[in-house]
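One chain, subunit A, appears in both complexes that follow, with subunit B as partner in the first and subunit C in the second.
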Partner chain A sequence: MAEYNWPAMAERSWIGKRISRLDGPQKSGGRAKYGSDMNPAELLHGAILVSPYAHAKINSIDTSAAKASPGVTAVITIEGAGKEIQWEGTIIAAVAAETEVQARDAVRKIKVDWQVLPHLVQDDDLSKAGSRAKPAGEKIQGDPDAAKAAAAFRVSGEYGIPVLTHCCLEPHGQVIQWKGDEIVSWCSTQSVSNYAGDLGGQIEVPATAIKVHQDHIGGGFGSKFQSDQWGAFCAQLSKQSGGRPVKFFLDRNVELMIAGNRPSHYAKITLGADKEGKITLWESDSWSTGGFTGGNIPPIPYVFTKIANQRLSHNAVSTNNGPQRAWRAPNHPQASYLTCAAIDDLAAKMGKDPMEVFLANFDLTARGDAYTRQLKKAAKLIDWEANWKGRGKNRQGHIAHGLGIGVATWGGAGHDSRATARIHPDGTVELECGTQDLGTGTRTIMVQVAADTLGLPMDAIRLKIGQNAYPPSGASGGSTTAGGVSSSTRIATTDALNLLFEQLSSSLDNTPAANLEAKNGRIQVKGNPSKGMTWREACRKLASPIEALGHNNPRNPRGLNTGGAAGVQVAKVSVDTETGVVTLDKIVAVQDCGLILNPKTAESQVYGAMIMSVCGALYEERIVDELSGRMLNADMEFYKLAGAPDIGEMVVEMEIDPENDARGVIGLGEPPVISGIAAIGNAVANAIGVRVPMVPLTPRRVLDAMNGNGRIS
Partner chain B sequence: MSSPKEQGKHKGSKGEVSRRGFLEVTSAGGAAAATVALDRPAAAQTGAQAGARIAGPGPVAITLNVNGKMLKVNVEPRETLLDTLRGPLDHTGAKRVCDRGTCGACTVMMDGKSVYSCTVLAIDAQGSKIETVEGLTADLKNDALVKAFVEHDAQQCGYCTPGFMVAAKMLLKETPKPTYAEVKAGLSGNLCRCGTYVGLRGAVLEAAQGGRA
Partner chain C sequence: MEAFAYANPASLKEAIASLGTNWEDAAILAGGTDLITLMKQYVYSPKKVVNIKGVKELKGIERTGDGGFRIGAAVTIDELLKNRILGEEFPALQMAAKGITSPQMRHMGTVGGDLCQRPRCWYFRNGFGLLALKDGKSLVAEGENQYHAILGHNGKAYFVSASSFGPALVACGAKVKISSASGVREVNAEDFFRVPTSDAEREVDLKPNEILTEIVLPVSRGTKSSTYEVRQREVFDWPLATASVMLRMSGGKVSEARIALGHVAPKPWRATAAEQAIKGQTINEETAGKAGEAAVAGAQPLSQNGYKVQLAKTAVKRALLAAKG
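Then we have the complex of A and B:
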């Protein structure tokens, strides 16, 4: 079997270079077409009726007036009489009409008789959950009671991190046409290759009858793996409308209610340490909700998994809210916040610099050397030594300054991916793969790898992705795409090149394929560049196109990709102690991710993740009204995201060195989004002298904490 | 004092505009625009009776000046400029994200001023010069801002990017040499979920050839 590897760092022509993303001009100029931009001929528009109640039963539903409404071509009842609804925003019925306003008019004519039932929508107070809270995990390790008695230092705290919504800017939805035996979906999906099977299962048609097209997707973040119920009813609407295509994308309010959220996590945590500051005890009572199904136990203690004595207990709280979906590094940002906040509070209790305490305990992690190296680098980049003062001791007038630390871990090995490389007699090269570019730069790294392998300029590669007609490639989730597609591309292009070499051997004095190389647009004998020919001349000797299928098998990635990213972030904040407003002054990320294919797009991932952390630490949370059961901020005015002026100075330090490079490719979607909230939360505690238990750190919560009323709500 | 519409979206060099304050300006601009259009004689409302100037409620035939071309389209008076551009006119650069005048993804220029096209009715855009991102970056290969966006990787998923492009064009039109603070303020009417602000700030500063400070 052929050997596959990455070229040595010094011998790369495109891999590892700061290449601008290939679809940048199309995106910047508004030419890139997303599913929501498709306007095929004869297009109809969908609209939906959703439940205004968090918990209710449908006594009856009458769609007759909607069916008779002008322009209407089809009406589908999704939740009929007798159905019990468990969250606001549940889709009850869908309409297709000639225009969008006509579809909305028709929806308003649907009559539903509701029986409103009692709901639970808030999750911050476990004592109010009653029977809706269910034990969901216990663990005892070592001897926590003895460790508690023996601890020289002990600190207990309450911490909370709320439900966030994905808030993808392109809402969930699709344009879909079901005409005769064929369905075409222009969708917004993180899983081009699996979409057809998923949709086919819902509507009972074979996957082979479904064509999927997606050139671009306007955000997913873990919420767009399925074809979803809107894929199914939109297809039915199309079929019932004589095969005309139907466009349906969720409105912003419904998008925020039902199209995915990140579960909350709350915990009462006790840490114990010996007199040298070594952590000896972790105790936690935690609970969480991701909607009606409750919420899983977070991976705590996070990163510091080797704490000798642990006692954990977790409750899953079922609430009447829209269901959770995977959210960029599922449960990790929450776990990082809970753990790092507790360690920071322990350091304060000991009267020590948290930098010292984190460093002293990294031997309790799986990659102590990496974290130690990274935290020292980060400390230098934020000038920790000069800037750090004890809690509440760095004030100038009414402005308090502080520093904080967060740590992260992630897997990120490549997913199952296939790609076909095809070399034509005219010298052109095609690379086909059923993957998707979420805006991470997938297109760009694939072309870099192909061009580097074939010794060609990047514009010689014609890349085709975003359709299920191409070789299947995994869903883009869990930071698996970069490793997957780079490896399948490397294997496919290496094998295709070897096929070309074999056919050229006779023209080059029977030089064995193993002694040929492709470099600078030429095929030549290794060590004798003058003996060879141009790429074009070489390809002209082909009687017909040659192609090779590359497969990254996650069980045997052949050294091309691996998992295990480590990262730390440190933040510097200013807090106005009169208003409670927190300003992020600076945040530094030090991150490894193995062989970095493209530092430019890699840094963009880290910048973006840090900005998302700023949103989570300071601004965004789902707010639900206890009385009405409704989401109060299902919009973008009050569901707050950071803007360009809110993010402070950002410094990204990617660890590019031979040791990390030798590990192979590791994905980067999740790792940098994990530790920023912890870092900012700890920086605020350092600034104002007390812990603000609940994020986001709104002015009210900051002032409450300063007044001794900090609580997890 | 200029009218809200003339004030436009950006206060330019007058300093930082908060997102909220900025919205007040914009939505007031939308309301003013509505009044202006209805006062305009023969504002192309088919079936309108003399003096009443009532359009609709059914579809009316209107003509919009988009990127220098006169485009005819039938819309209901309640339909937004955004939906009209994206739907029947197939100019999909402007995106529908919040649909409530918050996020800026639908930003276009109307008579040289940036507006949220989700807050403008299509019938009120008659007689105005509408420029979409496609028109403002017609020379895609050589456009300095496009080049700077690409060089600084000022986009990820790219769904907010066209709105930022129009906001950046507006900013540099009013303030050709912005300070860093002015760049941040000029981009503060738009939101991004992937987190591309670092690249955006760098791109706009570079396109402005370094700015003033």
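Then we have the complex of A and C:
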């Protein structure tokens, strides 16, 4: 059986190198084509009618005027008379027309008679949820009552982290053509290989009839695993329009309402510790919502799972808002914020440096050594010792400075992935895989692995991804892609190379394949480089192309990939105490991630994640109005995100060392987005001297907290 | 958006002739940064759009005969920012322009458009009307009002004026010129803004058949001015509160002060109490702070925007300290 181990660190030609993204020039030059850039001949445009009410019943719907509207080719009613709608933005009907304007005009002619029903759209006040709050039971471990009585220090606090909505740069949607027995979808998906089956299931068409194309995607973050109802009605619109292609993407406002959100988490937490500062007690009453179906139980206490005595209770609140979806590291940023804020408050209560308290309690985590090492590194990188002062004690004029800590954990083992490597007699190499590049550098690492394995320059590899015609590869979610595709690529290229070796053996004095190597564009005998030939000469000896299918089986990753990432982030902020405006000065991430295939794209992942953390900590939240039931900031104006000048200095320290390297490849999508909000929140508490219970830390919340009115709101 | 007729006049006369007698008849398009959005969201659907970008009378920044300035209404924010002399004489105006941190807005947006833009109130933008009434009750008063008015909302209007230049022009004692078929009228910038009492009214003293043509700035000699904006983000963001001040000093003391607040009331809010408080004083942290206190003495915050009182106070203090130099 072939050996697929990663080459030793010193022997890598491409793996582990700082390679720029292969599609970077295409993207920055505007040449990369996304689904929404596709304009096949005879293209029609879709538009939708959505519910303006958070909770209402459709008494009747009349689409006749829309059907008769100029340019309209098809109208589909999605939610008919009698249907009860549970959130604003629910899609009621869809129209296809010759132009986008005609489609929108037609939508406005659809008449719906509504019966408006009572709603609940806000989630921050559990007492207002009434019967919409469903207790998820109590969980007890150890003896929390005794621990509470015995604790030398006790601290209680309230913490809240709101619903965020997905807002990918490219909204959800597709261009789709259903002509005869064949459907082609130019889509925006995190799952190229599974899209056809999912869409086919919705519209009762075999997966084999559906072709999927996606060269590029403008962000997914967990919100684009399915073909979705817009995939289904867009296909139906195409079919009903005589097989002409239809383009439909959600408008930004509807995107923010219904394309998925990150659930909220709120908690009242009590921590207890002994004289030495060892945490002995965790008590929490939490609640959350992800929409009508309620909310998940957050994984708290987060990371510090071995706290001996725990009592947890949770309420899932059903609200009349659009549904939750996976959101980069589902539930982890919330849990990290709740847990790390409580520990930071405990340190303040004890009058201790939180650095000391975190370090003293890392034995309550699954990877204490890693966190200890990482936090010490991070402290150095932010010069904690020189910069840290007690809460509210680092002021220069009206500017208060502060430092804070957050911690993270994630699994992230490689997913099921297949890739085919094909070597042609002319020396060219193709690598095919039904995966997708979410913009993270998937293409780049696959080519690095293939080129490294075959001893070739990177431009010798022709990579083909983004179509379901290629070997199936898993959805990109949960930090599983890098491990999956790098392993399938390594296996495929190793096997293809061995086939080539076998065919060359006779030309090289019957040297066994196992004694041959591919290096620097040559096939040669190990230990005797002069005995060999160029890659091209070698391939010329092939009568026909050879190929091998590589499979990463998650149950047997052969040491190529694994899971289990640990990370810490520390933040340094300045707060204008007269305005409550928070400025992030610096944020440091120390992250392990097994074998790092490409430090540059890995760091890039962390940068992007830290920017999302800045958004979540300072700006981003869904604002819904209880009176009207409407989302008021379903736009990019008041749904605020950080701009370049708001981000501050970012420092990334990837832990690249033999010990981590030996673990194999671990995914990095999730880990770095978890702890930044906690770190920034704690830094602000350190700066202003009090906890701002709820993020994002807007001037309103910061000033309210400084005035003694801090609360979840 | 709804279909509309399009006029592309080359002269002011032609532009005026293209307007109608109701707001629904025609809308003036300058940079389009606000109008297009209003139309796309069906908040406003005029039958005709009159593009004034080709009207030469509306362009240019020039010195007037008396030593002041004339700024054409269609001058872009970027053009205003690049005018060095204007910046030296009216720092308050240029500081307000610098607060518009979006390059796109700076290049497309115009000075006249800034003054005439509609409020950003999210109830208004979501189709609840200018006063955001539902069953006769204000959605703002009982709803999500963190960005709304703390001053001047005694009537029904809780939105805040979104204008960046309004407070600076009020502080600087500017006037605006308005043209219609019946001639030209001149209005103090302070009087140009007003508080509507019904959904049908506008926030400025313009009739549907009139065009704002230019801003007239007085002689600046002997004045100091500045603007301070409290914004949450450095990237383009609507200010939470701003203050513009213009001062005349005599022997190190303030002999005359004009102070106007932005984003805290349905119109740029002249803070006469603050002017009185600083008059006769040397400017320092304490006196400027007291002027800030005076500026918000009459504030009536809503359920979620008490923090804006503090912001307005701070903006006045910092604008005064900055103007002093």
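Methods note: the second predicted complex is superposed on the first by the 712 of 713 C-alpha atoms of A that agree within 3 Å, B and C clash if a C-alpha of one lies under 4 Å from a C-alpha of the other, contacts with A are read in each partner's own complex, and residues count from 1 in each chain.
Operating definition for what follows: contacts are C-beta pairs under 8 Å (C-beta built on N, C-alpha and C of every residue); 3 or more make two chains touch, one makes a residue touch a chain.
Not measured: the values here are computed from a predicted model.
**Student:** Classify the contacts of A:150 with the two partner chains as first (subunit B alone), second (subunit C alone), both, or neither.
**Tutor:** neither
**Student:** After lining up the shared chain so the two structures overlap, which partner does A:704 touch, if you call subunit B first and subunit C second: first, second, both or neither?
**Tutor:** In the superposition, A:704 contacts subunit C only.
**Student:** Tell me the contact category for A:168 with respect to subunit B and subunit C: first, second, both or neither.
**Tutor:** first
**Student:** Let me test your reading of the model: by the given contact rule, A:100 touches which partner, first (subunit B), second (subunit C), both or neither?
**Tutor:** The first partner, subunit B, only.
**Student:** Name the contact category of A:643: first (subunit B only), second (subunit C only), both, or neither.
**Tutor:** A:643 sits against subunit B and subunit C alike.
**Student:** Per the contact definition in the header, classify A:632: touching subunit B only (first), subunit C only (second), both, or neither.
**Tutor:** It touches subunit C, and subunit B stays clear.
**Student:** A:580 in the overlay: touching subunit B, subunit C, both, or neither? Say first, second, both or neither.
**Tutor:** Only subunit C is touched by A:580; subunit B is not.
**Student:** Let me test your reading of the model: by the given contact rule, A:116 touches which partner, first (subunit B), second (subunit C), both or neither?
**Tutor:** neither
**Student:** More residues of subunit A are touched by which chain, subunit B or subunit C?
**Tutor:** B
**Student:** What is the shared patch of subunit A, the residues that subunit B and subunit C both contact?
**Tutor:** 101, 635, 637, 642-645
**Student:** Using the touch rule from the top, collect the residues of subunit A that touch subunit C in their complex.
**Tutor:** My answer: residues 101, 105, 108, 578-581, 618-619, 623, 625-628, 630, 632-633, 635, 637-638, 640, 642-646, 698-700, 703-704.
**Student:** Can you name the residues of subunit B that touch subunit A in the complex?
**Tutor:** 16, 19, 23, 76, 78-79, 83, 86-87, 90, 92-100, 102-103, 105, 132-134, 137, 140-141, 143, 145-146, 149-151, 153-162, 165, 183-185, 187-188, 190-201
**Student:** Once bound in the complex, which stretches of subunit A touch subunit B?
**Tutor:** These residues of subunit A touch subunit B: 20-21, 23-34, 36-37, 39, 99-101, 167-171, 216-221, 249, 251-252, 438-440, 600-601, 603-605, 607-612, 635-637, 641-645, 647, 650.
**Student:** Mind pulling up the subunit C residues that touch subunit A in the complex?
**Tutor:** 1-3, 42, 101, 120, 122-123, 125-126, 128, 134, 139, 142-144, 146-147, 230-238, 240, 304-307, 310-311, 314
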